[in-house]
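The following pair of complexes shares a single chain, subunit A, combined with subunit B in the former and subunit C in the latter.
On to the complex of A and B.
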């Protein structure tokens, strides 16, 4: 059942690549969208088959592959990975739908999109460390190509930076996984928690730190974040949607699954440091976002801030905070994808994303009123206004973490309060005021030009954004569904340290 | 439970439904026949909310309070519920909110007659009303916070209604950010409370507080966090700036903001009042903030030349008095004052709105002589002024009398604050009345017909309600009946202070050319008050500069150090590759030599390691 989640996108990519002659770009887009819609339908089918009351892995599939090095094809899904699989299916579909007028090599573009989606599914579903690593790396090159072929003016720099950072991340993760085998002397790469008898605490901490830095690059955490703003600014809108909405989640998923899940014993040792790291990351990201002038860069830095709260949740490792982490991953995926879509529309219609230049876009008839309204919704959701997805996620994280790390939690709350500052500045600068898409001058008559008339935004162009907005509001008003989905798993994950300690005590 | 009470959860939804129904017109999706249908739909839904509320009120008066409870989200040890307390006070507040909303929506039909985005206004007011109705009914802190934040959002959108104007842009920004600061602090307290006390139901919290063992520091921080949210909502010093700027928004929204919204904020604080016993510091802060707001607001109001602003500062001032009552654990007093103030202030703003709608001007120095031509508006202003001050036996007279009576024995200083506020407000209102309605007509006020019936009807009806306010208040709660038993001492004090203010207002010279005094110290004082103690400049110089500076610092650190380091590593590796490239000779001998040397080195080290 789960294998189909990999097969559908990979087969779609193969179909595209092997399609005889050269079909029109529209046809290729249709094929890609069909494959992705199928993937979404099948993800929903998995959701139906999923039993939310059970916290462990479900619907497992296992085939021995290269047993001598411990590489098994082993898939499973639980309350942590299923929401992410759904988000992946939905957001890849969104990014395929919002790809229009692609003139350059549409065949490769859409097949890369499908490969990424399949690889991400594989990473979320893998129950074997090496298998996870394979998929983790598999997603890397297509994304590098997507940025460096279809990116902006400075794409070579951004793509190379992305590639180097993420490659280092991969090396660290692989190193940690292999180190595990080396230190324990077995080639068991399954997802069993490492306990003290198998590995001394010192080596555990070293491996854990390597993994943390590896995933921390992907999340990204300060100071390993510099690749993200560049990658986002140079990437095209659909790629940004994919990058922010789905690929960053690989990092946080890795922290929860492989750092907390594999090293429950060593986790409490480094958790206080992680909480501080999270607070630094949140505050740094938010403060840096305030000073940005490029809308996309601002949204990118806000990602740094919001993803930091997931590290806080992981550090606290209470059932509630981990559930909050699941919520935050989903809601950040939806909200940041929405914001990137809207910024993309603004960029397409005005030709700029500069906050010093854009003004008054809410103007009816001549401006982009509907895009502006959705933008207000998006930034308010990101700022954590109740009734939308961001609030309940952050509330769960903070409520779950405050007993464990009061200071770090309060600092993170300050950081999330700062979100309101920079996003309000964005809306106020770009959407309020008098319509203008040229830099302000000293001459008021030139500033108040009335002959600006932006191209109207078609309903089909806003449809993906509208869908995401509805999802953001839906999750904010009715969070119980996702709560049900994630609760059993997050509780099980949170109890892991205690369970391991109890087992140790029982044995000792 | 009878059906209307069972369906009480519908009441906030009426407003939200109104918003959703208005969206097709607000988004200009339906363009035919203009935006009026959205307005009518909202009016109808608000009317339903009023009727539904009054049905429940009748039932509750007959059978006692009810409680409504629906689970919303549950996970681990967290249990978030939608809870509504159908008590007499809550329902009275609900009626205040919904009736105000209804009156303001009818008023807006006239006031915003030619507004092209009328539907958007009604959508926002629907949202506003839904959130307010929910706040006043809610029985737990989580839901209160949830809806207070929605109020923040809708205030932002309503203030920013005319978003193309530069002043509106800054006003909306300041309104949102100021309230947001309060909200984030409240959220911190809320999260902490939720973790410590478990449940967030007010009743459970009251029980928890009796047994809670908290260290002084967390308790003090908790108390400060809890009062920060209402402080922002009620525009108390030092978070009062937004209310003044918010007057850039359309007037019907100002009516709601100055009467109903601030009441919602204060009601949340009222519900939190028993928790404040935890922290003496929070109580002291409340007292100080309340006193400063009461007197400072009244003083600043006097120095304003903008009609709306002169009235809005007195809201800060009256809510300061409410804070005093809450700090002294006098819930009944606070409630009475809230109601009396809410009714009279709404009327005052309707009258002001009528003046602005007719003259298209809100500059006091350009207004004058309206009394003879706008009888309904003039009457409304007079009734509102009488209702706000303690001269005639209307709402606020009884409140002030009762406050003086309660405060005088133990807190003579606070009594002085109450009396001084009353006197200053009386002075301000008389000054406004003289300038707007009495003085000789100016260019903009020569042709001023009375407003249309759509604006006059709610205004006159509300004037009748204000005239009857003592009756309304005492009917609501039997405990208020002893109002009439004010001692002659406190009656005299209230009357005396009002008369003093009135007389001062009558005799003071109001010449627009000399409105700024020639006498230097007086002029400095006037400027200080007119610029609201330079609060905006102080903010700009401190907190705004701090955050902006920090952001710039972090951003440059990010660019120069973090990113610079990455770039330097990159270019260093490139440069080293460039240099290495020249060491390649292309001669076979060199390569063979390198290979042999490497093998020797490797073997040698292995031998050395073995030994």
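On to the complex of A and C.
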């Protein structure tokens, strides 16, 4: 059942690449959307088959592959990976739908989208460390190509920076996995937690730190974040949606699955440091966002801030905080994708994202009032207003973490509060006041007389953003569904350190 | 194709005061003459005429039948309290009479010209006292209110007088604008100079019309603006109206607080530049922007010819009210142009140097005020 989640997008990509002659871009888009819709349907089929009361891996598939090096084709899904598989399917579909008027190499473009989606599914479902790494690396090159071919003016710089950072991330993760084999003397790359009798605490900490830095680059955490704002700024809107909504989650998923999951014994040792790291990341991301003048960079820095809270939740490792982490991954995926979509619409219609230039886009007749309204909803959700996804996730994270790390949690709450500051700055600058899309001149009277003739936004252009907005509100109003899905797994994961400690104590 | 913001941004011409003065003295129109401008001005004035007809009827109804009514809940229904009318009102299938009230308040607040001067005379105070004496004897609430707030009822009567006077003014203007549309349809008016001339002739014809107002209370007639006050259409109502609504106006409710905080609103009423000729069409339909109400009303009566023209421009139906506002501004420049032409102190063709100097001074004063207006629509 799970293999189809890989097969559908990979077959879709192969179909596009092998399609005879040169089909029209619209047809290629239709093929990609069909494949991604099938993937979404099948993801929902997996959801139906999934038993949320069981915290372990389900629907497992296993085929021996290269046993001599410990590489097996092992797939499984639990309450941590299933929400991410669903959001991957949904957001890749959104990315394909919001890709319009693509004239440059559409065949390659849509194939790469499908490959990324399949690889991300593979990474989320892999039960074998090497298999995870293969899929983790597999999404790297397509994303690099998507930025470097279909990106903005400085795409070469941004794409290369992305490649270097994430390649180092891959090296560190692979190094940690191989180090595991080296230190334990086995080629067991399954998800079995590492305990003291297999590996000394010092070695555990070293490997854990290597993994944390590796995944910290991907999340990204300060100071490994500098690739993200550049990548977002240069990437096209659909790629930004995918990057923020899905690909960053590989980092947080990795932290929860492979750092906390593999090293539950070493985890409490470094957790206080991680909590501080999370607070620094949240505060830095938020403060940096306040200073931005490019709407897209502001949203990118807000990602740095919001993804930091997931590290806080992981550090606290309580059932509630880990459930909050699952919520935060999903809600950040939806909200950041929504914000990038809306910034994309603004850029497509006005030709600029400069907050020193844009004004009054909520203008009822000549501006982008519906886009602006959704933007206000999106920033409210991001700032954690009740009734929307952001509130549930941040409340769970903070409530679950405050007893473990009160100071770090309070600092993260301050960072979360700063979200309101920078997004209100964004909304106030770009959406209120008199409509303007050109820099102000020295003559305000002349500026106040300019007639602005923006093209309107078609409903079909807004539909993906509208869908995401509904999902953001839906998750905020009815969080029980996702809670049910993730609760058993997050509880089991939270109990790992205690279980391992108890087992060690019993053995001792 | 990348979007280049500068290409989506259009800056109109901004003639200087000297250029405007030259045009006025040369007898040229402020608005450039073009077939498209003729369609815009005539058709938008046609729809405005329909709206003014409704405004005028309602203002006169309010002044005569809702006089000193402390709770005028049904004042917009013109006395028709049928369920169908009330339903249409609640469903907002109606003219926005609030805009007419806004204009009345602007006139009352700025208080210039003969009408306002009369409202402060002893004769008016005497008439007011008689009315108040009659009303307070029969209305318990007013009987209690008046001793507590002795300025309240006289001020309410001033408001009623301004309401009625504005209703009479708009009666004339409505007929004039609808006549203009008929004349254009008949081929009698085919250019912007002809439009300005038509309006000027209409204003001159009505200039001496008396402005009077009385109320019927219990079968007894009480004068508020009696014939002996000698108030006339042009000098006592039209000129103050132009001053209050075309030129000064009021900062819109939705922006007043923001502008006041930014120290952008002068405390001097004479310095106000928020009138129809200065209004920015772009925020039309924004919250708290009263012209939105007028644009919506004109949209209901928009002639198909102009509507079709709008459908071809910018966002078509999507920004139609902004386009109506822009056309309306052009038409208001034509009306102002006609008013200026009709009130030059001396004939423009006069060879007398003293007459020319007087005309020059008059034109210069107007040009100075208009130079800061939205003249970018005139090209």
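Keep this in mind: the second predicted complex is superposed on the first by the 507 of 508 C-alpha atoms of A that agree within 3 Å, B and C clash if a C-alpha of one lies under 4 Å from a C-alpha of the other, contacts with A are read in each partner's own complex, and residues count from 1 in each chain.
Methods note: contacts are C-beta pairs under 8 Å (C-beta built on N, C-alpha and C of every residue); 3 or more make two chains touch, one makes a residue touch a chain.
Being a predicted model, the structure only gives us computed values, none of them experimental.
Three-chain overlay on subunit A, with subunit B and subunit C in a clash.
Set against each other, subunit B and subunit C touch different numbers of residues in subunit A, with B touching more.
With both structures placed on the common chain, the touch criterion links A:385 to subunit B but leaves subunit C unconnected.
With both structures placed on the common chain, the touch criterion links A:350 to subunit C but leaves subunit B unconnected. Once the two complexes are laid over each other on the shared chain, residue contacts for A:434 go to subunit B and to subunit C alike. Once chain A of one complex is fitted onto chain A of the other, the partner contacts of A:414 are limited to subunit B, with no touch recorded for subunit C. When the shared chain is aligned, subunit B and subunit C each come close enough to touch A:363. The clash between subunit C and subunit B in the overlaid arrangement falls on one stretch of those listed (149-157, 329-337 or 365-373), that is 149-157. Contacts of subunit A with subunit B, set against its contacts with subunit C after fitting on chain A, overlap at residues 360, 363-364, 434-435. Only residues 2-6, 8-12, 14, 280, 282-286, 314-315, 318-322, 326, 372, 374, 376 of subunit C touch subunit A when the two sit together in their complex.
Against subunit C, the residues of subunit A that register as touching in their complex are 348-352, 357, 360, 363-366, 434-435, 437-438, 445-446, 448-456. Contact residues of subunit B toward subunit A in the complex are 27-28, 72-78, 116-117, 145-147, 149-150, 152-153, 157, 160, 163-164, 166, 168-169, 172-173, 176-177, 180-181, 184, 187-188, 191-192, 194-195, 547-548, 550-552, 554-555, 558, 562-563, 566, 570.
Against subunit B, in their complex, subunit A makes its touches with residues 161, 164, 222-223, 225-226, 284, 287-292, 318-320, 323, 360, 362-364, 369-370, 373, 376, 380, 383, 385-387, 391-392, 395-396, 398-400, 402-403, 406, 409-410, 413-414, 416-418, 420-421, 424-425, 428, 431-435, 479-480, 483, 487, 491.
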